[in-house]
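Quick one: the structure is below, and I'll ask about it shortly.
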Amino acid sequence: MDSPAFLLAFLILSGITVTSALLVFVARNLMHALAFLVLSFLGMAGLFMTLSADFIAIAQILIYAGSISVLMVFAVMLTPLASRDNGNSLYVIPALMGGAGIAGLVSLVAIETDWAEHSGDALKAADFERTVPVIGDLLLGRYVLAFEVASVLLFIALLGAILLVQDRDGGDATGEAQ
Amino acid sequence: MIPEIPALDELSVTLAHYLLVSGAVFGIGVVIALAKRNAVAVLMGVELMLNAVNLTILAFSRFSSAFPAGDAPLAGHAFVVFVLTVAAAEAAVALALAVLVYRRRETVDLDRVNLLRW
Amino acid sequence: MSHLPASQSATPMLRQIAERPTVRGALMRAPLPVKVFGALFVLGFLALNAGIAYVVIDGRLDGQWYDVRDLGVGVGALTDWMRDQGVPEVAVYLTSAIVGATGVLSLVGVWLIIGPWLERRAIAKFQVRMGPNRNGPFGLFQSLADAIKLMQKEVIIPRGADKILYFIPPVFIFVPALLGWAVVPWAPEMTYTDLDVGVLFTIAISSLGVLAVFLAGWASNNHYSLLGAMRTVAMMVSYEIPISLSLLSVAMLTSSMRLSEIVAWQSNYNVWMIVILPFAAFAFLFSSTAEINRTPNDIGEAESEIVAGFYTEYSGMKGGLFMAVELGNAILVGALMSTFFLGGYTMFGLETWIPGYLILLTKIMTVYLFFVWLRATLPRFRLDQLMGFAWKFLIPISMVQVFVVAIQASVLARVDAPGVFVLGSFAIINLSMTILLVRLWASRMSVSTIQQATKPILTQVVGGLRAAEQIRKPV
Amino acid sequence: MPASTEPYVLNIGPQHPSTHGVFRLRVVMDGEVIRDLDMIVGYLHRSMEKLAEERTYTQNIPFTDRADYLAAMSSNLGLALAAERLSGVVPTERSQYLRVIFAELQRIASHAMANGTLISDAGAWQTPLLYMFREREKILDLFEMTCGARLTTNYMRIGGVAFEPPPEFWPALQELVDELPERIDEYFELLTDNEIFLGRTRNVGVISAADAINGSLTGPALRGSGVPWDLRKAEPYCVYDRFNFDIPVGTNGDVYDRFMVRMEETKQSVAIIRQAMEQIPAGPHKNDIPLALRPEIGEIYSRVESPRGEIGFYLVSDGTPAPYRFHLRAPSMINLSLLRELGVGASLPDAVVTLGSLDIVVGEIDR
C-alpha cells in the first residue's frame, strides 16, 4: 500500500484525471473536450484499480470509455459544425464559484476529519482478493431487486432513446439509436 | 490547515487523498454542467460528477471499517455497478434528447432552447 | 525469334523466371566442406533436441529454473534469487514486471517483422506468384526495409486537419493492441496479469480501439477518412455484442472469467470449447474479423471504395502504425481464439512434453493463416449486409445460445463428475440448435432466394429487343 | 422531420484504386448513398484523332494500340478492316484466320482483366485477378513471340498481319487452348457460387434490355441485359461465319450477369480458336500493298466486336495517303454514359462494382 510504486501510480493517475477533467472545461473544441473526457475516464479507471476494484475499473473502461464516449461522438457528429464549440454560457462566473465551493467543501471535510477510526485495513486481506464472486453474490442475492430494476431501467432507456430519435414521418431510424 | 508534506517514503495514500481527487473532479464537473452552453458538454460534466461519486464510494468501501466484515463486504462495489448502469441509461436518453432538440430547433445551445414546448 | 523447343520458354520474361536461383540449386552447387559442415550442423541440432526431449520426458527438470518448457519458472527463480540476496521488494517487483512487459512488447515487435512477411508469402502462394524474395534470405528483411522506408517518409498533416487530435490516434490505437496481451496465458503460471475478470478485460480493451479509429477519421479532414471511420465505428459497436455474447457463453460454461481457468477447464475435460460451442466460436471469429478490419469485413478500409478508410491521410510511420496494429490485432485475436475455443496452451497432454507457449504459438499461427486464407479468397461484404448480419442473425442466435448455455451450465454445476456423455450431449444439443436456428432464420429472412447463381443463356439468335424477349420467354 | 444530414462531395479519382486509370467521379453523397454523380474525363487525352489526320493508314495502327490498351489486337483489327474496306484491299486467306485467332486471344486476355478487376472492386484481395492474370500472361507471351510486344502489339496490317507466328507458337497455343477450359472451370468454382460475391453483384446495377438498347450499349454490357447482339454473328467480318459458336446472354442485366457473360464468352473464344487452328490454310500472311496507300475519295464506317463492345472507325479519305477525318467510336465511352443512371441512388460500394462491371478503359475514352 505504501510502496513508492503505488504512490507514484496514485499521483500520476490522479494527476491525469484532474488535469484532463480541467481540460474538458478549458478546451474550445467539443471534440477536444471529448478526447480529454475519455482520458479522464481512463485515469479514473486506473484510480479504481488502485482501490483493488478491478471489476469496477474494467466496467468503467467498457461503459464510459468504450460506450458512452462513442455515443457522445455520434451525438456530436449528428449536430452541425457550428454547434461543435465548447463555449461557456452567461453562468460561468456563478458556476465557477459553485464548483470551487463544492470542491473546497469536500476538501475541507476530507482534510479536517480524522479518518483514523474509519480507515482500518480489516477488509483488505479477506475480501479484496477476488471481488467478482462477491459482487456477483451481492447483485443476485441481497440487491437482486435493485439489479432487476436497473435492468428494466436500462431497457426502458434503450426503448426511450430509440423512440425519441425515431422519425415519425416515415423515415428510417438508423444511426443515432445505439 | 494544510498538513505538512511528509517525505516520500513515509507518505501513504489514505482515504483523504482519494476524497480530495474526488472533490476536485466533482467540482470541475459541476462547473462544466452549469457553465457550458452545449448540451453534450453539459452531459460530459454530469458524467464527470458521477465518476467522482463512484470514486468516493469505492474509496469508502476500500478504507472503511465501519461495516462489520461479515455483512456485505463489497456493498460499495455493488452500488457503483448500479451507478454505472444508471449513467449509461442516462447518457443514452440525454443524448437522444440532444439530437431531438437539435432536429427540432436546429441548435444544441441550451441558452437558446428557452421554450418549454417546441 | 529464337527457335527454342516449345516446352521451353520463348520470351525473355519466361526465361528469366525459369532461370531464377532456387534454394535447392544453391545447396546442390555448394562445395563439399560446406555440405559436410551443414550436414553435421543439422545432425547436431537434431541430437540436441532429442537430448532435451529425453530430459523433458524424464521429468528431472520439473520446476527447476532451467525447465526449458516454462519461462515463468525461470522468472520465478530469478525473483526468488533476488529476494534471497536481500534486494528490496520494489526492485524484485519491478524486475519481474519489466521482464514480462519486455516479453509482451517484443512478441508484438518481432511479430511486426515476421507477420507481414508471412502474410505476403502465403498470399503470394495463394495467388500463384512469388512474394517478397529480394531482401535477405527468402525476403525475410522485406518488412524491416518497409519499416525503414516508412520511417523516412515525410509526415504530412493535411490542411484543415485538427492538429492535436490528428497525432493521438496512431498512438492511442496501439494501446489496446498491446494491453490485450496482458491476460493471455502462455503456459501455466505464465501470464502477465492473470486478471480475475480477464474475459471482461478483453472486451473492454477491444472497445477502446473504436475511439481511436473515430478520431483518426475525424481529425484527418477527409471525406474518405470520415466515411471509413463511420463505417468502422458502426461495425465495431455492432460486432462487440456478438463477441460479448459468445464469450459470455464460454464464461458461463467454465464458470470463470479468468483466462487461465478457461484453459484449465478445457484441459481438464479434454475437450476444446469449439466442439461444445461451435456457434459461439464462429460468431467470435467472424465478429473479430469485423473488429480488426480484416477481409471479408474490412469495409472500414475498403481500398477499392474509400482508398484506405480511416487512415487515408496518414503518411509515413503514422500510417505504418495503423497497419502494424492491424497485424498485431490479428495475432491477438488468434491468441484469444486459441485460448477461448482451441484449448489455449494445452494440447491433450502434449503440454507436459513441450513448452505451452510453443503450443499456443502454433495455434495462433493457425488462426492467423486462416485469416490470411480468408483474405486471399473472399470478396468484401457491403456495410448494410454486414450490419444486417450482425443484428438480424448473429445477435439473436447468440442470445438463444446464451439461454441454452445457461441451462447447461447449471446442469454442469449439479452433475458430480461430468464426463464425455454430458459434454457430448451438450455439444450435440448446441450444434443441432445452431443448425436448426440458422436454417429457420435463413428461411424466415429468405436470404437465399435473391442470390441464385444463374448461368447465361447460350443462343444463336441475333437481334434487338424482340430477340431478347424471345430468348427470355422459355425461362 | 427528416434526419438532417448534410450531403458532401467526394472526389473519386483521378487517382483512386477503383477507377481503372485516370478517370474521375465527382460524387455527391448523403451518408453512404450517392445523390449525384458527375463523370469527368479527359485526363488521358492525347488528341489521337487529330494526330491521325497527319499520318498514313498504316502509321495510324499504333494509335489504336494506345486507344484500347487492353485489347490492342481488336482495335488494330478494326482499323485494318476499315482501311481495307475503304481502299478495296483484300487480305490473304491465312491472315484472316490469324486475325481471328489473335483477336479471340485478346478477347480472353481482356475479359480476364475485366473480370479480375471487377472482383477486386468487390473486395477480393486480388487473388482472382492474379489467377486470371496467369492465363493472360500466357496469352501475352504468345503475342510477344509473334510480334515482340505484349501490350501494344501493332500486329494487324492493311492486307494481312505483320508477322507469321514463329514455329514454337503453335504448340504453345495448343497447350493454352487445352488447359484454358479447366482453368475457366476453376474460376467458376472459385467465384460463381460464392455467397459474398453473389450478394455483392446480384441485383446491383441492373440495366434493362430496353435501357441498354436506348443507351446504345454494346458488348458484354448489352448482352448481359439479355440482348443477343454480337457483330461477329450479326455482320460477320474476317471469317467468323465459318465458325460455330454461341452468344451468351444474361437474364437479369445486373453486374453478375455481365460477369458471367464475360466468363462464358471466354469459353466461346476458346472454341473459336480451336476451330480456327484446325481450319487455318497455308499461304502468305500479308499482301503487298503500297506503303502510302491512297484510297479513293469516300468515307467508311467499319465496326468490329472488341471485348468491350462495338469499336467502330469512321474514316474519310480525300485521296491522299492520310485520312481526312479519323474517328473512333469507343465502346467504353458509350457504355460509361449509363453510369450516372445506375449510380445515383445506389450506395458507394455498389457504384464501384457497377463501374467495374462496365469495364472501361480510359485510353479509349479519352483517346
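A, B, C and D are the chain letters, set down in written order, and residue numbers restart from 1 in every chain.
Note that contacts are C-beta pairs under 8 Å (C-beta built on N, C-alpha and C of every residue); 3 or more make two chains touch, one makes a residue touch a chain.
None of these values were measured; they are calculated from a predicted model.
Novice: Could you name the chain whose CA centroid falls nearest to the centroid of all protein CA atoms?
Specialist: Central by C-alpha mean position: chain C.
Novice: Give the chain pair, either A-C or A-B, that is connected by more C-beta contacts.
Specialist: Greater number of contacting C-beta pairs: A-B.
Novice: Per the centroid of Cα atoms for each chain, what is the distance between chain B and chain D, given in Å?
Specialist: Those two chain centres are 66 Å apart.
Novice: For chain A and chain B, what's the span in angstrom between their mean Cα positions?
Specialist: Roughly 6 Å, centre to centre.
Novice: Mind checking the centre-to-centre distance between chain A and chain C? Centres are C-alpha means, answer in whole Å.
Specialist: Comparing mean C-alpha positions, chain C is 32 Å from chain A.
Novice: Just the number, please: Cα centre separation of chain C and chain D in whole Å.
Specialist: Taking the average C-alpha coordinate of chain C and of chain D, the gap between them is 41 Å.
Novice: For chain D, what residues touch not just one other chain but two or more?
Specialist: 1, 3-4
Novice: Quick check on chain B: which residues sit in contact with 2+ other chains?
Specialist: 102
Novice: Would you pull the chain C residues touching chain D in the complex into a rising list?
Specialist: Where chain C meets chain D, its residues are 1, 3-6, 9-11, 13-14, 123, 126-129, 223-224, 227, 231, 295-296, 298-299, 302-307, 375-385, 450-465, 467-469, 471-472, 475.
Novice: Report the residues of chain C in contact with chain A in the complex, numbered from low to high.
Specialist: Against chain A, chain C makes touches at 89-90, 93-94, 162, 164-165, 168, 195-197, 200-201, 203-205, 207-208, 210-211, 214-215, 218-219, 230, 233, 237, 240, 257.
Novice: Can you check the complex and tell me which residues of chain B touch chain A?
Specialist: Where chain B meets chain A, its residues are 1-3, 8-9, 11-38, 40-41, 43-45, 47-48, 51, 54-55, 58-67, 69, 72-75, 77-78, 80-82, 84-93, 95-100, 102, 107-111.
Novice: In the complex formed with chain C, which residues of chain D make contact?
Specialist: Residues in contact with chain C: 8-10, 16-18, 29, 32, 119-127, 130-131, 134, 141, 144-145, 166-172, 175, 190, 192-200, 202-203, 209-210, 213, 223-230, 233-234, 246-252, 256-257, 260-261, 264, 347-350, 352.
Novice: Can you tell me which positions in chain A touch chain B when the two form their complex?
Specialist: 1-2, 4, 6-7, 10, 14, 17-18, 21-22, 24-25, 30, 33-34, 37, 40-41, 44, 47-48, 50-53, 55-56, 59-60, 63-64, 67-68, 71-72, 74-76, 78-79, 83-92, 94-96, 98-107, 109-113, 115, 117-123, 126-128, 131, 134-135, 138-139, 142-143, 146-147, 150-151, 153-154, 156-158, 160-162, 164-165, 176-178
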